[in-house]
Every structure is written in C-alpha cells, then in structure tokens.
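These are the structures, in structure tokens.
Both complexes shown next keep subunit A, but they swap its partner, so subunit B is in the first and subunit C is in the second.
Showing the complex of A and B:
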C-alpha cells in the first residue's frame, strides 16, 4: 500500500465527540457510526493535506506503544472501511478542498 | 333554526406551531376536528397552510415507504396513500389524499420534523408525561412498553402521548409538548408543555430499576428513536447535533420496568 495516502472527512457528515466516542452521522443516509479512541484521533487529524503516514507517526505512534508499520496498516484498513461507508475521503493525492464538516465540533 | 357557517379550514396547533388544513369538504374538516380534538385552535394566520385535494380511493397503500425530498426548492412528500408538496418559502403547500385521517397525520408528522430540525427540536418514538410540572420522556421501539407505561400512569400524571413525543429547545432548556399522535392507546395526548426533566430509554424486565448510562450510549438511544424522514444532508446533520446537544443537557437514563403501577414511584 502507498504511504503517501491522504484522508479527509467527508463534507456531508455531522460528527461530535461525546462520552469518549466520536459519533458520526452520514447526511446521505442517516447511518450512525461511532469510532473508538484511536480511530477518533485519525478522524480528527484527517485534514486532506497531511499524509496518512504522518498522521499515524505523529498522533498515534507518539502516544501509543505500537509498531509503526502495524499502526499504519491498521490506519489504512480503517480509512478504507470508512471510505467505503462514504464518511471519509481517501486519495493518493492531497485533498486540499476537503476539510472538517461545517457543523462538526470536537 | 341556527345554521352553522361553512368553514374551509381546520387549524391544528402542535408544539406551538399551527398548521392550517384547508378543504371545502365539511365532512373531512369534521373528521379532523375529531381526530385532533384538543389541538384545534382557530388562527387568523396559521404558521403553515395546506390545501387538501381529496382523491378517490386508489391503489396506493399506507404501507408503502415514505419519501421526503426537495425538488426546485420545494419539499415533496410521497407515500402510496398521499402526495404532498410544500414550499418552505411561502409556507404553503398542497396534499392529495383520500378522505382519511392517517395520511394527513403522516404529513403533519413530517412537516413538524422538518420545521423542528431548524429549531433545535425533533420528534421521538417515545411516550411522555408531565408530573409535578416536569416532563418525562420514555423512548423505545415498538414493544418496548410506551403504551403500557402510559396506561399505568397515575392520576397526577398527564400523558402527553403514548407514541410520538415532541421535544424542542427553547430559552432555558428543552421542553416536551403534548401531541395528538397516538399509538395503541388510540387517544390524543394532553395539550400541555413542560420543561424536560429526564429521558428514559425503556426496557421491560423483572424489576423496576433506573440505571445511569454513558453519554455515547444515551446518544445512540436518542438517535435510534428519532423520527426523521427527509433525504437532506443539511437537516440530518441538524437533527444529529440537536440530539447530541440534548444528551449533554438533559439526563438520559435506562428504565427497566415491570408492567405495574409501582414503576411510577421511580418517576417523580
């Protein structure tokens, strides 16, 4: 898998951290998702311009005792899963026009 | 002999919002008067108004899926038994349906969900009641016990609904309103409003017990029971944020109960 992949939160979702979980609702079909602690970190850092590898290195490997390669692999799998649900954008190129949903709050 | 003047509109006021239903068919207006008794309030100018065109019974069924979407700035509301169009700018619309109270009931529910979504409120699959000046909401899917709990309500509790609760944010917090949207109780709720004290997520069990729950589980419980029909990302997001705001501001607890009046000793 490429280590130069970029992730961005989809625009048509609402997201909010509550009770230690990132809850996300798709505006397209009202599906509800909740992310655990590390997945929430990835979600919040998904600004479309920071490479996924850099997000993992800075926000996950820096705070958790995990193998960097395994952490990146897990992050890529998670990103692909969220992308399949349409709530995260995943690209080999930066996504500078993407950004946090307008009504999201941390 | 006194002859009552013919009228052409019934104004149905729910949650402080009036919807005028216009028809030249006096029997249909009488049907609305009976169906929405307690919620009929004549208004010089209702907040929203619909012209009803009564159609002959057709092939469409109330069991069909409902669709709510926007086209050219107008809301389109469709199900087998009705078709409605509503312009949010003029607050006027039209409904084509047969002469029955169920189609208009669904249209009213949808209209209120759309209006409330922009005002920080929503409808919940929930019974609700007012006791000691405080409102309590009991949310749950079909079979969770909403009607059972409503039937067990003591004389000092006013049942707002046994099926669809009306919650809106106002200055000072969240309020619950009575609705005419009835479930198995087949009786409109009391037309009252009161500050929302607590939301209970219902479970029937072997004992009566109130348990605290985490905010994430509370949010899931509220969202699972929120009524919203529109295929509209902006309003879905608004309802989501409103539901989570409520969870931050109003206690949400689990109520496990046996079908006995003693359960109401826990609800004060």
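Showing the complex of A and C:
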C-alpha cells in the first residue's frame, strides 16, 4: 500500500462530535456511523492535502504510545473502510477541492 | 428509534445536547393554506448575519439535525447562502417547502449542497383540491414539477400529506403519486391550533371514521395490528418517574424567524430569544425549558394512571395549548380512541367518549427514520 495516500472528508456527509464520539451520517443512504477518539482525529485531519502518513505521524503517534508502522497500517485499513462507506475519499493524489472544512466539533 | 441512532439520542439526553433543531426562516408564504397555524406577516425576521451567528452557536451546542422550514423558505433571498453555511458547519439539513419556486437551477443546487432530504407539502392528487387548500392557482402543477426536478437530481424527497375535511379521502392516491414519483410519503392527520392559541381551525379535522381507516392501514403506520393493539395499561410507577413525555426541550427545540426559542414548533412556550441571550444559555438555563424537563410521566394529571399510559403519544405542546402542559391532550386522547376503540381516562371524565369530535393525530412517522450501521473502530494502544 502506498504511504503517500491522501484522504478527504466526503462533501455530502453530516457530522458532529457528541460526547467524545464523532457521529457521521452518510449523504448517500443516511446510514449513521460512530468513530472513536483516534478515528475521529484522523477524520477531522482529512483535509485532502496532507498525506495520510503525515496525519498519523502528527496527530496519532504524537499523542499515543503506538508503533508508527502499526498506526499507519491501522489508519490505512480504517481509511479504506470509511471510503467503502462513502464518507471519506481516498486517493494517491492530493484532493484539494474536496470535502468541507472540519467544523464538526463544538 | 434504535441502534446507533438510539444510542446517539440517549447520549444527547444524558449530556443535555440539543440534537435536533427546527429553525423557521420566515413565516411569509406564497400560499395561504386553509389549515395553516401561522401569521404570515413579517414582524422582523433575523438577518443573514444573525442566522449565520445562530448556526455557529447551534453547531457549538452539538446540534446534528437542522430542519429549515417556514413559511415558504424560498421566499428568503438568502436561502442558499444559509443552507451553504449550514452544510459547511456539517449539519444534517432537511428542508420543508411547498416546492412551488423550485426549478432546474435550484434543484441542482440543493443536490450539490448535500441536503439530507426535502419534505414537500402535497394535499391531493387532484389539482383543484390541492389548489383550493393552498389558495394558490397552479400550485399543484408547480409543486409536483418541483418534486420531479429534485428527484431527478438525486435529492431524497418525501411528500407530506396533511389530512383535513377537504382532502380526507385522497390519501391513497397521493400515496400512489408518491410511489409513481419514486419519493417517500408521510400522512399527517393533525390540524393543530394556531400559534396564538386560536383553535378555530380544528374544525377542519377529519372525521373519526377516516382517522380509524388511516390508523388501520399498514402501508401508513407500519404494523397496524401492533399500532392499534388494545392499551396495555398505565406505566408502572417506577417507569413513570423515569419516563419523559417527549423530546421537546430535552433533545430538541424550535426557533422562530424572530429568534424566539420554544420547546417545539407545536409547543409555543416562549423560553428566550437568541437576539438577547446566547442560544446555549437559553438551552441550559431557561426557567421554561427547565420546567418542561422536570416533568415526568408520573406528574401528568389524569394520564399517569390512564390505561393508555404505556402507549399514548400525548403531545405536551397540545396539552399546553389546551391550558396545562401537565394535563392531558384531548386531541391525543381522541387519537388513542381511534387506534384502539378504548376511551382514555380524560375522555371518560369528560363524558365525550361516545361522541368523539374531530379526532386528530400527530405525525407517526419516526422523526429520523434512518438505518444504522456498524460502528467504525480503530484500536487505541
């Protein structure tokens, strides 16, 4: 798997941090998802222009006692899962114009 | 409500988060529906900057579901600016409209903004009946055209069919029209008093026999046998102490075009104004909202021991409009009678059970009928 992948929040989702969990509703079928703390960090940092590896290094490895390689592998798996559900975009190239700004947190 | 949606609601209730807000952008309207509960004059609507500031406050308070309604929302020239701003704040946005002003460009823009759904008021499959209710000639044709345009652009649409004397028997055909359009359908046999308490429009309510037919139609209410099952008795005392009458003021509220906050659109208890006080201060500290929150089923006079106690859909707003937010809502008692054939304690007391005038019902479609999906998970080590 490429370590230079880019992630961006889909632009048709609704999202809000509620009680420490990021709740996301898919615009495609109104399915509701809940992300835990670390997944929420990744989702909020998914601006389309910061490489996934950099997001993991800056936002996950810096705050959690985790092996960087394992953290990146987990993040890639999570990103692919979220992309399958249509709430995250995943690309080998930057996605500068996709996704709303992260204003989901109170 | 169950699954993840139920968990989110329970968490919001526990944390005191207003999960859903209906914001009416205007009371002005291009239609003059015979059953409307609003005064359509503009008494000083919030400006665009005021509404944007309010949306910032609602997002910060944790609001997830935002319903933009009216009046007719497309009479606001800044509607798209407001919707775009709301979507940037990542609300789940639902629009309520008559769709008369929706043409190709507007339909495309609504789709592009990722609006969750659009609810459109349709009263009949017959243009002459629909137009007679809206008092706007040609409205049926334009409304249906608007619905088609939204649907063809991929927007989730549902037709809201309010029933009254004029259109009481048209709902099967409106339901069929919705199926033909490929959109959702909700029937609402509720005519509620006007916001100022005027109850004269209640005379428009459908006859008991029609209401019974609606309630026994599984395509409208889900499992009709279950929905119309005999009442299972009053709530146990312990449950009554814990049970809340409804989400109004607990996880939801309503804001008027003038900034007035109420527990619900159907519960006109003034609780503060966002032009004077920050929304979160009103939500957390308003004496009126605190009073609403303090009420449990055990406090309801004449309801806590009623046979319908465990299955009643009593609306505290309608009870308030009847004079006592802790009392019964006669309209809901009449609903229970139409569902089950068993009169409530309130109706028995009034001696009205044998001659039920103009029963009305609240919309029984779930507010957020969403599927739930597995929780995404990432291990923290």
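We adopt the following convention: the second predicted complex is superposed on the first by the 100 of 106 C-alpha atoms of A that agree within 3 Å, B and C clash if a C-alpha of one lies under 4 Å from a C-alpha of the other, contacts with A are read in each partner's own complex, and residues count from 1 in each chain.
Everything that follows uses one rule, which is that contacts are C-beta pairs under 8 Å (C-beta built on N, C-alpha and C of every residue); 3 or more make two chains touch, one makes a residue touch a chain.
Everything numeric here is computed off the predicted structure, so don't read it as measured data.
Colleague: Tell me which partner A:14 touches in the superposition: subunit B (first), subunit C (second), both or neither.
Modeller: Touch partners of A:14: subunit B and subunit C.
Colleague: Applying the document's definition of touch, where does A:64 land relative to subunit B and subunit C: first, second, both, or neither?
Modeller: In the superposition, A:64 touches subunit C alone.
Colleague: Between subunit B and subunit C, which makes contact with more of the residues in subunit A?
Modeller: Partner touching more subunit A residues in the overlay: C.
Colleague: Examine A:30 and indicate which partner it touches, taking first as subunit B and second as subunit C; both and neither are also allowed.
Modeller: In the superposed model, A:30 contacts both subunit B and subunit C.
Colleague: Classify the contacts of A:49 with the two partner chains as first (subunit B alone), second (subunit C alone), both, or neither.
Modeller: neither
Colleague: Can you give me the overlap between the subunit B contact set and the subunit C contact set on subunit A?
Modeller: In subunit A, positions 12-14, 16, 18-19, 21, 23, 25, 27, 30, 32, 34, 101, 103 sit in both the subunit B and subunit C interfaces.
Colleague: Which residues of subunit A touch subunit B in their complex?
Modeller: Contact set of subunit A toward subunit B: 12-14, 16, 18-21, 23, 25-28, 30, 32, 34, 101, 103.
Colleague: Tell me, which parts of subunit B touch subunit A in their complex?
Modeller: Residue positions touching the partner: 214-220, 223-224, 228, 232-234, 236-238, 240-241, 244, 247-248.
Colleague: Using the touch definition from the top, list the residues of subunit C that touch subunit A in their complex.
Modeller: Residues of subunit C touching subunit A: 3-5, 7-8, 11-12, 14-15, 17, 19, 59-64, 87-93, 114, 116, 156, 370-373, 375-381.
Colleague: Quick one: which bits of subunit A touch subunit C in the complex? Just the residue numbers, please.
Modeller: For subunit A paired with subunit C, touching residues are 11-19, 21, 23, 25, 27, 29-39, 42, 64-67, 70, 74-75, 78, 81-82, 85, 100-101, 103-104, 106.
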